[in-house]
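Below you will find the structure I want to go over with you.
Read from first to last, the chains carry the letters A, B, C and D; within each, the first residue is number 1.
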Amino acid sequence: MAIAADYQESACRAARAMVTARVLEDKLRSLYKAGKIVGGVYLGRGQEALSGVLGTQLIPGKDVFAPLIRDQAGRTGFGEDLLDVTRTYLGSVEGPMRGRDGNIHRGRPDKGMPAMISHLGAAVPVVAGILLAKRLKGELDGVVGATCIGDGGASTGAFHEALNVAAVEKLPLVVVIANNQYAYSTPNQAEFSGNLADRAAGYGMRGWEAKGNDLADCLEKVGGAVAAARRGEGPQLVVADLLRLSGHGEHDDGAYVCEDLKKGPLGRDCMDIAKEQLLSSGFIEEGTWENWEQEAREKVTEAVALTQREPTPDAHGEVWNACKAVGAETY
Amino acid sequence: MAIAADYQESACRAARAMVTARVLEDKLRSLYKAGKIVGGVYLGRGQEALSGVLGTQLIPGKDVFAPLIRDQAGRTGFGEDLLDVTRTYLGSVEGPMRGRDGNIHRGRPDKGMPAMISHLGAAVPVVAGILLAKRLKGELDGVVGATCIGDGGASTGAFHEALNVAAVEKLPLVVVIANNQYAYSTPNQAEFSGNLADRAAGYGMRGWEAKGNDLADCLEKVGGAVAAARRGEGPQLVVADLLRLSGHGEHDDGAYVCEDLKKGPLGRDCMDIAKEQLLSSGFIEEGTWENWEQEAREKVTEAVALTQREPTPDAHGEVWNACKAVGAETY
Amino acid sequence: MSEVAYIDAIREAQRELLADDPRVFIYGQDVGDFGGAFKATQGLKAAFPGRVIDSPIAEDAMAGVAIGAALEGMHPIVEMQFADFSSIAFNQMVNHAATYYWRTGTPIPMTLRLPSGGTPGSGPFHSQMMESLYAHYPGLVVVAPATVGDAYHMLKESVALEDPVIYCEHKLLYRWLKADNFENDSLPLTKARITRPGKHATVVTYSAMVHEAVKAAERLSEEGWEIEVVDLRCIKPMDTDTIMASIARTGRLLALGESFPWGGVTAEVVSRVASDGFHLLDAPPMRLNAKDTPIPYHPDLWRAHRPTPESIGEALRKLLNF
Amino acid sequence: MSEVAYIDAIREAQRELLADDPRVFIYGQDVGDFGGAFKATQGLKAAFPGRVIDSPIAEDAMAGVAIGAALEGMHPIVEMQFADFSSIAFNQMVNHAATYYWRTGTPIPMTLRLPSGGTPGSGPFHSQMMESLYAHYPGLVVVAPATVGDAYHMLKESVALEDPVIYCEHKLLYRWLKADNFENDSLPLTKARITRPGKHATVVTYSAMVHEAVKAAERLSEEGWEIEVVDLRCIKPMDTDTIMASIARTGRLLALGESFPWGGVTAEVVSRVASDGFHLLDAPPMRLNAKDTPIPYHPDLWRAHRPTPESIGEALRKLLNF
C-alpha cells in the first residue's frame, strides 16, 4: 500500500524513529543476555510503527508524551536522547534516573515526558493533570498529551478513572492502546470481552482503530487522533492491533503466543511493512533504510561505549532523602 | 400506559415492595429529624420502582442481591426483614450489625445479601466472586447476582475492573445504574461524558436503558436483564434515568437540583406512576394501594416500637476482636 | 474578627492561597458550588471560578491529576470527601507522588486533604485516621493540625511546600474547636509544640487527641500531677528533639493516638524514645490507641473504641504510679 | 525427596490444598498455563483445570472477587504478581475483607499472596514489603515465612484459616533458599520461633532478614557474642511472649526489618518490648530498617538501602557495647 505524498515527511520521521528503536533495543537485548543489564528489559519489538508514529506526531517542547514499556520508538521520535536510555539501563549516574530507577521507568518531566511507575494505568491521569494545569495556566492551546497502554492495562481501574476524567474535562488527551493480544502470557479472551475499541463510546470519546504494524494505517489513525485532539475535539482513544515480537521481557521466550497469530497478518514485522511502504511510495530509495540502520548502529554503539565509561552510583555518597524541601530524618 | 397481563403478579410484588419502602423511609426520615437516628440517613425516594423491580425479579434463597444506598425497595422486595432495617438504624444489638455498623451498611450474607462498605463500586467484584464461587461449586445454574450503583459510582475504578472481570468470566451479573442525575451535588455533566448506556458495549455486555421512575418500563428492562442473565446470556448492564426525590442524605436539602429536572418527566414520583399503571392495567382496585400503605404503616410502626425496646450495645461486654480464628492481641 | 472555627481556618487558608498564588487550585468531589461535604470550600468557586473544580468519584484519578498538575508547576489541593476514601488514591500517593522527587529530581508540590477521625455514628468507613499509612512511605510529608491556628498556617505551609503533603484534618474539630483568630505561634511546619507544660509525665499526641489529653491533664492536675502535652503537629518528619526534651523533663511517656493500635504513630514515638531516650525514662513508656477493630457505628461503642479523657487519665495514673 | 526450594514449598502447598480441599482455588495474573510470574503455580492448572484462573490486570477486582468467593464458603488464594501491586487491592483488603467478620459475623477465609522484598535491579515498584500496612488494620492476619518448611506449612494454615491472611513471601528466597524437605517444627501459625539461641542480645526479625541476621550472628560468634535470633513468622498477631522470653534471657533487643523505617514491624516490636519488658532491658532497644527512600534500582544502591550482615553486625556491636 502506497502512502499519500503529503505524508512523506511524517512517514520518514516515524520510520527513522522505528529504525533507531529497533537497533537500540537489539543492543539492549544483547547487553542483557551478556549480563550487563540488571533487572528487566522490556522491548517494543513489533510495536515500533504504532509507537514511532505517535511519538513523531507529537511536538517536542510543546506536547506531552507519557510512554509505557514498549515505546522506545515513540520516545526516540519524541526526542529522547539515546544516552538517557543507555544510562538508565546501565545505571549510570549521568542518566536522568541516576541509578535510582531503571530501564523504562525513566523520563524527563521537564521535557514533557513523565517518568512512569510500574503500576499500569497510573500515568493516564497524570497526563490528564498536566493538560488540566496547562489549561489553568492558559497554555493549552494546540497542545496534545498522549500516553500508551496495553490491552492488559486497559483492565485497570486507573485507566477507567482517568479516561472518564479526561472526557469530563474535554482534555486533548490521546490514549493509544497497543493491543498486542497478550498481557504477559494472558490472551485477550481472558482479559476482556468484546472489542476494546467500543470502549471509546462509553466515555463519550472518539475512537479509532488502527492496524498497529502498518505504518500507513498508523499515520492515518494515530495522526488523525493527534490532530483531532490538537484541534480541540477532546480526548481520543486509539486501539491498534499488533503482535509483540519478543517475550514479555527478555527473560521470557513468549512460548505461549499462538502460532496462528504469529503466522497471520498481525505477525508481520512492522519494520518490513514500513520499509516496503516507504519504498513503494517513493519516499525513500533502495539503501536509504539500510543507511538509517547503519547510522543508528553507530550512534547506539557510541552511546553504549560512552555510558560504559561513566560511573555507577556510589552508595556512600548517596543522598537518602526522598523529600525536597523537608530534611531527612535520622533513623 | 397499561402493563401486559402476564406482568400482573410481578408488578404487584414490586409495587408492594415500593410502598413498604416508601412508608418505611418516611418513618426513618422522621426518626432522623427527631434525633433518634445518629449518623447518615440515605433514602431511595424516587428510586423505588427501579429498585423494587430488581429486588422482586430476584429469587430469595437462590439469587444474590448487593444493594447500595438507595435500595430499600429492592431489599424489601428481596425479603429483607423490616426489623433488620430498624435495628440497624437504631443500633439495636438484635440487628444483623449489632450496632457495630449502621444504616445502609447492613446485610445478610448468608441470605444472599452482602453487607456493603461505603466505598462505591466495591460491591461489584464481590458479587462477581460469589457467582464465580457458585460456578466452581456447580451451583450457578439459573442463578443471578445483581447489584446497584449510581451515576457517580460508575466513575470508580472498582466498577470498571469488576464489570470487565464479570464479562471475561461470563457471569450472570446484572448491574443496575440508577442515574439520578447527580452524585451528591455533582451533576451528570461533571461526572461523565456521553451516555452511560454506551458503556455496556465496551465491556462486551448487553445494555438496557430504562425509565427509572416507570414501573412498567422497569419491569420490561430490568426484568429482561435479569431473565437474560438467568438464561446464561452473561452479564447485563441496565442504565435507568430518574431523579432522587430527597437530599443526598437527610442532612441535605438537595437545593442544587435543577428545577427543570424536577418539573420534567424524571421529576414525576414513581409511586404515582406505578399506582396509575396498576389501576389502569386492572391489576389493583381503587383502595388497594391505600390498603398496602396502611398495612405497611402498621408493620413499620410495630418494627420501630419493638426495636426501641431492645438494648443498644454495651461497650463493656463488647468483643474487641476483628478476627474469627485468631485471638485478639492485648494492647 | 469574631470567633472562628477549625473548618473556617481551612476554608480561609484556601481562599488566601487561591488569592495569592496562581499555582493553587482545588480539585475534589462536590467542592465547587456545593462547597464540599463539610463546607471547607464554600464560596471559593464563586470567588475563583475555574480554579475550584468538581471531580468525578475517582480518587485514583484525582490524585493522579494532581500529580500531573504538580509536574506542571501547579500546587494543587485535593480534597478527599472522607480520609477513608483515600485508600483508592493510595497507590498514586505512595508510589507515584511520593517517589517522584527521589527518582527524577522533579518535585510534586501537591496537598491531599484528608477529613479524618471519628464522629459519633460515622462508622467504619467515615472515621479513619490514615496518617500512619502514608508516613510509612518515603517521600511524603504528613501533618495533622490540632488547633485553629495550626489548621490555617499548616495548610498554607503545606500547599507552599515543594513536597507532597498529606494534610489530616479532624472532623470532630471542624465546628467544635473555636478560636478568636487564625494566629498561631509561628512554629515551622515540622516542629512539635508543647501545648501544656508539665513535669511529671509527657503525653505525646496529635490532632483531636491533643484536646482529650489536655482534658485528662486538667483532671490530673487536681490530683497534683503536672502533665506535659506535646502536640506533634507533623507526623512525618517527626520532631524527635522536642519529644526528647520533654521526656528529659518528665521521665515518663504516654504516646496517645486515635488510630488502630498495631504500628502507627504511637509505636514510632515509643520506639524513638526507647531507643534514643532510654536513659531519660523513669518508667516504661506507654501507648494508648483506639481498639483493634473497625471503628464502630454506635456512639456508645465508638466512645469506648477511642481513647477518652477517662482512659487517658487511667493510663497516666498507671504511668505515674510506676 | 531431593532438595526443595522456598518457591517449591509454595507451589507444593498449593497443589495439596487444591487436592485436599474443594473450597480452594487460585486466582491471579498469569497463574494458569503460564504458572505465574515466579512459577509458583506451575503445573497446577493442568492438574486442577478450572480451579486455577487467570485474572485480568485488576487487583481491586481480584481481591473483591476473592471476598465474594469467600462469602460463598470458598477459600481462595489470590496471587499478586508483585506485592507492590497490591496497593491497588488495598481498599478491598483493609476495608472490605478485614471488616467483614466484625461487622457481620461472616468470615472471609481468603489468602492474598504477596511476592515481597527486594532483589537486585528490581527497583522501587517490584521490591516492597507491605506487611506493616496490612497489619495496621484490624481484621487481617499477616504472615511472613522465612524458611522452606514455614513457606509450606504456613501457607497451608493460612488458606485453612477462617480469617483473611496476607501471606508475604520473599522473592529473594524463592530459589536461593533450599531444604531437604518441607518439614518444620509444627509451630502454630501465630507463634514466633527462636531460630538461633543466644544469650547476649536478641534480634527480632522476619522473612529474608532472618537469614541476614543469622549471618551477622555467626560472624559475631567469632567475637564471642552469642546472638539469639527470633523469627516472628507471624506479623499480626505478633507473638509478644516469645519476644519477651528472649529479651528476658538476653537483655538486649535489635528489631530488624527490610521495610521503610517510619513505623512498621520494628517500631511495633521495640514499642512492645519497651512497654512490657522495660525492666528486662540492659540497653536501649535498637532498630534497623531499610532507608527512607524508594528502593533503588541499581544493585549497589539497593545493597546499601537494606540491612546487610555488615550493618546488622555493626548495630549489634553498638548494642552489645552499650
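Assume contacts are C-beta pairs under 8 Å (C-beta built on N, C-alpha and C of every residue); 3 or more make two chains touch, one makes a residue touch a chain.
All values reported here derive from a predicted model rather than from experimental measurement.
With centres defined by CA atoms alone, the chain at the far end from chain B is A. The mean-CA centres of chain B and chain D are about 40 angstrom from one another, to the nearest whole unit. Centroids of chain A and chain B (each the mean of its C-alpha atoms) stand 44 Å apart. Spacing of chain C relative to chain D, judged by their CA centroids, is 30 angstrom.
Along chain D, residues 55-56, 58, 60-61, 84, 87-88, 91, 95, 98-99, 102-103, 124-125, 138-139, 236, 238, 262, 287, 291-294 each make contact with two or more other chains. Annotation for chain B: residues 97, 100-101, 105, 117, 119, 155-158, 161, 164-165, 168, 190-192, 321-322, 328-329 touch two or more other chains. Interchain contacts join each chain to each other chain, per the touch definition above.
Interface residues of chain C, counted against chain D in their complex, comprise 84, 87-88, 90-91, 94-95, 98-99, 102-103, 124-125, 132-133, 135-139, 236, 238, 259-260, 262-268, 270-271, 273-276, 278-279, 281, 283-287, 291-294. By the touch criterion stated above, chain A contacts chain C in their complex at residues 96-97, 100-101, 105, 107, 109-110, 114-115, 117, 119, 122, 124-134, 136-137, 157-158, 161-162, 164-165, 168, 321-329. The residues of chain C lying in touch with chain A in their complex are 22, 25, 50-51, 53, 55-56, 58-74, 76, 91-92, 95-96, 98-104, 106-107, 138-139, 141, 161-163, 190, 236-238, 240. Every residue of chain D that touches chain A in the complex is listed here, in rising order: 29-30, 32-34, 37, 54-58, 60-61, 82, 84-85, 87-88, 120-126, 261-262, 287, 289, 291-294, 296-301, 303-305.
Residues 155-161, 164-165, 167-168, 170, 189-196, 198-205, 234 of chain A are the ones touching chain B in the complex.
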